[in-house]
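In what follows, structures are represented as structure tokens.
In what comes next, subunit A is part of two complexes: it sits with subunit B in the first one and with subunit C in the second one.
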Partner chain A sequence: MRGLRTTALAVLAAALLGAVLLAATGANPLVAFESIVVGAFGPDGLPDTLAYAVPVAGMATALAIPLRAGLVNLGGEGQLVLGAISAVAVGLQVPGVLGIVAALLAGVLAGALYAAFAAVCETALGVPLLVSTLLLSYPAVSLAAYLVRFPMRDPGSSLPQSEQLPPDVHLPALADTGLTAGLFLVLAAVVVYAVVDARTPAGFEARVTGWGPRFAQYAGIDRPRLTVRLLACSGGLAGLVGAVVVLGFPYRFIDGALITPQYTWIGLLAALLAAASPLGTLLAALFFAALTSGGFALERATQVPRELTAVLQAVLIIFLAAATGLLRGRKGAA
Partner chain B sequence: MTQPSPDQPPAVSLRGIVKRFGDVLANDHVDLTVAAGEIHALMGENGAGKSTLMSILYGLLRPDAGTIELAGREVSFDSPARAIAAGVGMVQQGFALFDSMSVVDNVVYGAEPTRRGLLDRRAATAAVRELIERHELRLRPGDRAGDLPVGSRQQVEILKLLYRQARVLVLDEPTAVLTPAEADRLFVVLRELAADGRTVLLVTHKLHEVTAVGEAVTVLRDGRVTMTAPTRGLDQGRLAAAMTGREVDLDRVYPPGRPGAEALTVRNLTVRRGDRRVLDDVSLTVRAGEIVGVAGVAGNGQTELVAAIAGLLPADGTVRLGERDVHALGVRERRAAGLAHVPEDRGEVGAAPTARLADNLAVGFHRRPPLLRRGLLRPEAVRDHAERIVTRFGVRAPGVSAPMRTLSGGNQQKAILGRELAQEAPVLVVEQPTRGVDIGAVVGIHTELVAYRDAGHAILLVSAELSEVLGLSDRVLVMYEGRVVAEFAKDEADAEAIGLAMAGVTAP
Partner chain C sequence: MDAALFASALGALTPILFAALAGALCQRAGVFNISLEGTMLVGCFAGVAGSWYGGSVWVGVLAAALAGTAYSLVLAVGTITFRGDAVVLGVAVNLLAVGLTSFLVQTVFGTRGTFSDPALAGLDPLTVPGLSEVPFLGEVLSGHSALVYLSWLAVPVLAVFLGRHPWGLRLRGVGERPEAAASLGVPVDRYRYGAILAAGALCGLAGAQLALGNVTLFSENMTAGRGWIAVVAVLLGRALPYGVLAAAVLFGLAEAAGFRLQGLGLPQQATDAAPYVVTLVALFVFSARRTVKRST
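Here is the complex of A and B:
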């Protein structure tokens, strides 16, 4: 209850500060907020919001998995892009329904192996996970950029993008919502994470490790093995998200298309704010997706510059972070 | 000792202090008056409200009601920094050290000597070295705090207080990890400080300390003051009754065990730290139905011995559980092979303070029935399991869903011990089982350990409490500088010979 109230207060305070900022630039804050809400949840905006929420929620969950054990995977972007490009490469070769399955598996495998490699860099070579995941992200993104400029380039286009996947290797669309069956894959991943986290020995051991590394060692938890496994799961889900995105419209890998929307970083933010709890991470991801989607609408509807919508989001995020920090701090004092 | 003059206001005066945590009234209108230059003991069972009261005095907690006066002036601290500035210093049970920094850095942190605006390392080291020598502490100024065993870490905490020249010193069970000789030395320091006009508040569980060093004692029970008296001519039975509400038999003698087959066999165990052998060629055997006690001054390799047996620390030599050589195995495999372990550091190693009590108690049971069924943990089984341990070992807790840190130190210890005993492992290695535990609970824990032994289990008991080692052990080993230097059978073990061996003096 107190959590809800504090969160609501944080949102309200952010809205007030945002209103002042908007008014200072000459915009009407009420109109601006209305366009954010309508843009996020209105009949025109909702499909966009949901389409955007799927990869954000997927990435948030992917990054929450190791975060539960106190491990931060900063290489989500690389794993996401590697998953996407692998899915396209396989999807272009294998026809039919088998192609969809093979492409998704290729995405999962690529992301999982790459993240596990970053984990091994820590467990075997002593490179801190923060460093190994983040730095390995860049070559992965660059490799994909190279592939769609040269070997995998669409000959019929001047853009850095792959050929379009054949129609039978598209994920089924859900009516005319702009969503694909990928929604269910991501939802399934969230459910699996929630169940594993709460009800399995493996999830329990991840939480124990998050509570305290020395306690985990005392309890007999093999930290290196846990690190590699959690990173493999994390990267695998990131790779799946990449595959799901490219197997939907426009059915190809476009360089930068997975980076520009900030799926990874908004996802990481959601996971951090929710302390990696499965449901909290999902809710935070949906909230941020709505906010971002509404921000685009604000840009379209008013004269408010793009930078200001980013400022508004930042204000809200800071207030929310402060509120969650406050909640944890209060519990800590008891 | 200085005689407080009647017209001088008391150094510390707490009046009507009330502090509530949820449904628990931790302090219920507590009054406490301590004269300047007095050593005042504060006693009480775990959860009686001692730590809460001292945390309020030190600015860690704010009282719900009541006033604090220092030397007649009303004060209100919203942080320990304010309390320190006002001359109140505290050594807490848990340690607040920077592990990666040296002893000197830890001591001067926040009050560093400077020279032209820069940290004056030489002056800092000199000041700390002088304090170490004056108080005969077993510390080296340049050692990394994180490398030190618990006993030495606490000495660093005391050193911090001495360095800050606090007028009012609060020590929360400072002797729990010290040997009798070290405790005596600490008492000399405390008396010296009191003679200097400083005020010492000593939170303790030990009756003999109260009479040895205290001039007055206040006893808390269930958040209320049940007794305040000068210690001169104090009746110990009355004191114990004020704490527990019942008379406690302190001289219980346990019958010897009936040793059976070798359950734990350690041969030539050696741990190196740099060039030093912190554990040096230790061999020992514990049989089923036997308690083997390890005595020694903290920091003489006991911590490393336990960590090496548990598999937490790489070591040369062999460790056998029953017939099985577990030397090459990790912690999990050793536990599976029949080893339970109660570590000395319950805040970081033995438990997760932020996690629920039930989750803390599930650790080690989470991969087998009844907690696990068809690959899934059953929440109701986790709760039942925790309830059973809480009930059986009399753990006082707001509930099994409460975070571990809401329990008092002694109740956390009971919970951890209960969890490990419930493993029913053939071998139990237990370190400082009653540190920070009240007298009533000490008897309970000792009874449990003896019952566990009599059920045919082997126990290796490492304790800084000599009386505990003597009272419980069928054999006593003494460690000194990483080696086992003496061994005594139960009937030939006496405090004097063991004390000498602990100090490195052994008969040829």
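Here is the complex of A and C:
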């Protein structure tokens, strides 16, 4: 277990390095940090931060689920995209409120089945999960790219994008914030994960496997079954996030629109940062979403490229992983 | 199939081969290195920056190798000195490389996304005397950049190093039985540092070939998954130099065949996916014969 102090120290060290980088580019670090905070949480920035945080938090939780048992799902991108394209395909066929439900379910199902297949690759076919999830991710992205260029292409547009979903298959918007009811779906998923993790045998099995896979095996935990189950949950949630994104503005699947914002990789960083604890993952995802959205404000205020915030996120994880290792090493020696 | 296709496939698989050899070296030393992608990207940037400011493509190649080595220090210090988790650190190092190079391309070159300039010196193709006269083979094997030939040379060199040289044998000992190696007085951590840093230099060369050989430009995230393919090639080739070469060639052939099928009317997306599917199937086949040793 990682202490709050270690995390705080790592954040401080990353901030310090950021200040040095900022000073090197000729900007005033204090002004820059202020613009990040104001840009992320100010009245203009907060809706953008939250809109970005919903898919990031969703993906972070999705990837945290298997990570709890020490399993790394590197194929979130494929599961996310497959969920999104399935949701659009179903949403274009089924009218009305039923269409929303059917589209969301299609997203969950597509992501879950695809991730479960990756799990079976490890448990039955002997390909390590890290590799099977990653390798399966690319064909899924290619398949979606193909579908929106040919069979599902919007005939009225020259861009690789699907047709727009009919208005009754849009997720209800929350005022005019750019947020949709998808926020509640993702929050619900986080709550379910938290409860299952803390209160149920299934959550306990996953945590025990994370602490010590060999002990877990000795205790009679069926690892292959656990792997398939956790991956199905992980992929299902990733698929749901994809569905939620495409059922919001601009209500269609656009090739690359789920990949460019790096939802998956930032989500994975958040899950890693929080060691997959449910609440911690949510907070880390919010933190990273705020940093990313603050990066845009930073760029406007100081001409410093917004990628600086991406650098800070990665540096933070590196410091944290090193600090955690150091603590573990000391405990082991004592 | 035509020779030009094979020739371009050879050029395209060179960065993967360099990175996969780097991964194999680390694997044999007992380090699971998934930071190949990011280190290669740093090599791409340093190669272009070195060639641009140094005025010679060789300054760029040297800069790429040095930058790759320096960058891999992050992983080395994190995993060996601080005993951090290799997977967590690898993912973070990859993301850091994307952020850092995107940041630098703007602060150094003042442009967003892609930097290219007609004055940027790239690697020249070498004509191999004699070989270039041979029909077909000459067209396929001659006319590549020096780094392509260096990557071919690196395969037997690494094989001999790991198979015969005392350092290579000790390195394998460190990977297979670290406690036993330590008890015989082999400095385990020092060998692992060496493996990671050498892998960094190889990834730097991979980046140099990609950014100065295959194309002559730097573009954000231009490695586009090649480092991950290298990770898979290490697994598929069981971290043996010739095995890794075979895996990289399989990958290159799948890509070339994909391009060929594209000419026959198959959509480009199918050919994009082909190498990954072929690799996965190859992994199934190999693990069906032997149980794959878990490599985490």
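The rule we apply is simple: the second predicted complex is superposed on the first by the 297 of 334 C-alpha atoms of A that agree within 3 Å, B and C clash if a C-alpha of one lies under 4 Å from a C-alpha of the other, contacts with A are read in each partner's own complex, and residues count from 1 in each chain.
By definition in this document, contacts are C-beta pairs under 8 Å (C-beta built on N, C-alpha and C of every residue); 3 or more make two chains touch, one makes a residue touch a chain.
Quick caveat, the model's predicted, so the values are computed rather than measured.
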item	value
Partner chain in contact with A:Ala297 - subunit B first, subunit C second, else both or neither	neither
Touched partner set for A:Leu171, first subunit B, second subunit C, both or neither	neither
Dominant toucher of subunit A (residue count), subunit B or subunit C	C
First (subunit B), second (subunit C), both or neither touched by A:Thr200	first
Which superposed partner A:Ser142 touches (first subunit B, second subunit C, both, neither)	second
Contacts of A:Ala310 with subunit B and subunit C, given as first, second, both or neither	second
Subunit B versus subunit C as contact partner of A:Gly212, first or second or both or neither	first
Touched partner set for A:Leu130, first subunit B, second subunit C, both or neither	second
Contacts of A:Ile221 with subunit B and subunit C, given as first, second, both or neither	first
Residue ranges of subunit C touching subunit A (in the complex, touch as defined)	34, 74, 77-79, 82-85, 87-89, 91-93, 95-96, 98-100, 102-103, 106-107, 112, 225, 228, 231-232, 235, 267, 269-270, 272-273, 276-277, 279-280, 283-284, 287-288, 291-292, 294-296
Residue ranges of subunit B touching subunit A (in the complex, touch as defined)	21-22, 61, 310-312, 330-335, 341, 343, 345, 348-355, 359, 362-364, 366-367, 372, 375-377, 379, 403, 405-406
Residue ranges of subunit A touching subunit C (in the complex, touch as defined)	25, 72, 121, 125-128, 130-132, 134-136, 138-139, 142-143, 145-146, 149-150, 265, 268-269, 272, 305, 307-311, 313-315, 317-318, 321-326, 328-329
Residues of subunit A that touch subunit B when the two form their complex	195, 198-201, 204-205, 207-208, 211-212, 214-215, 217-222, 331-334
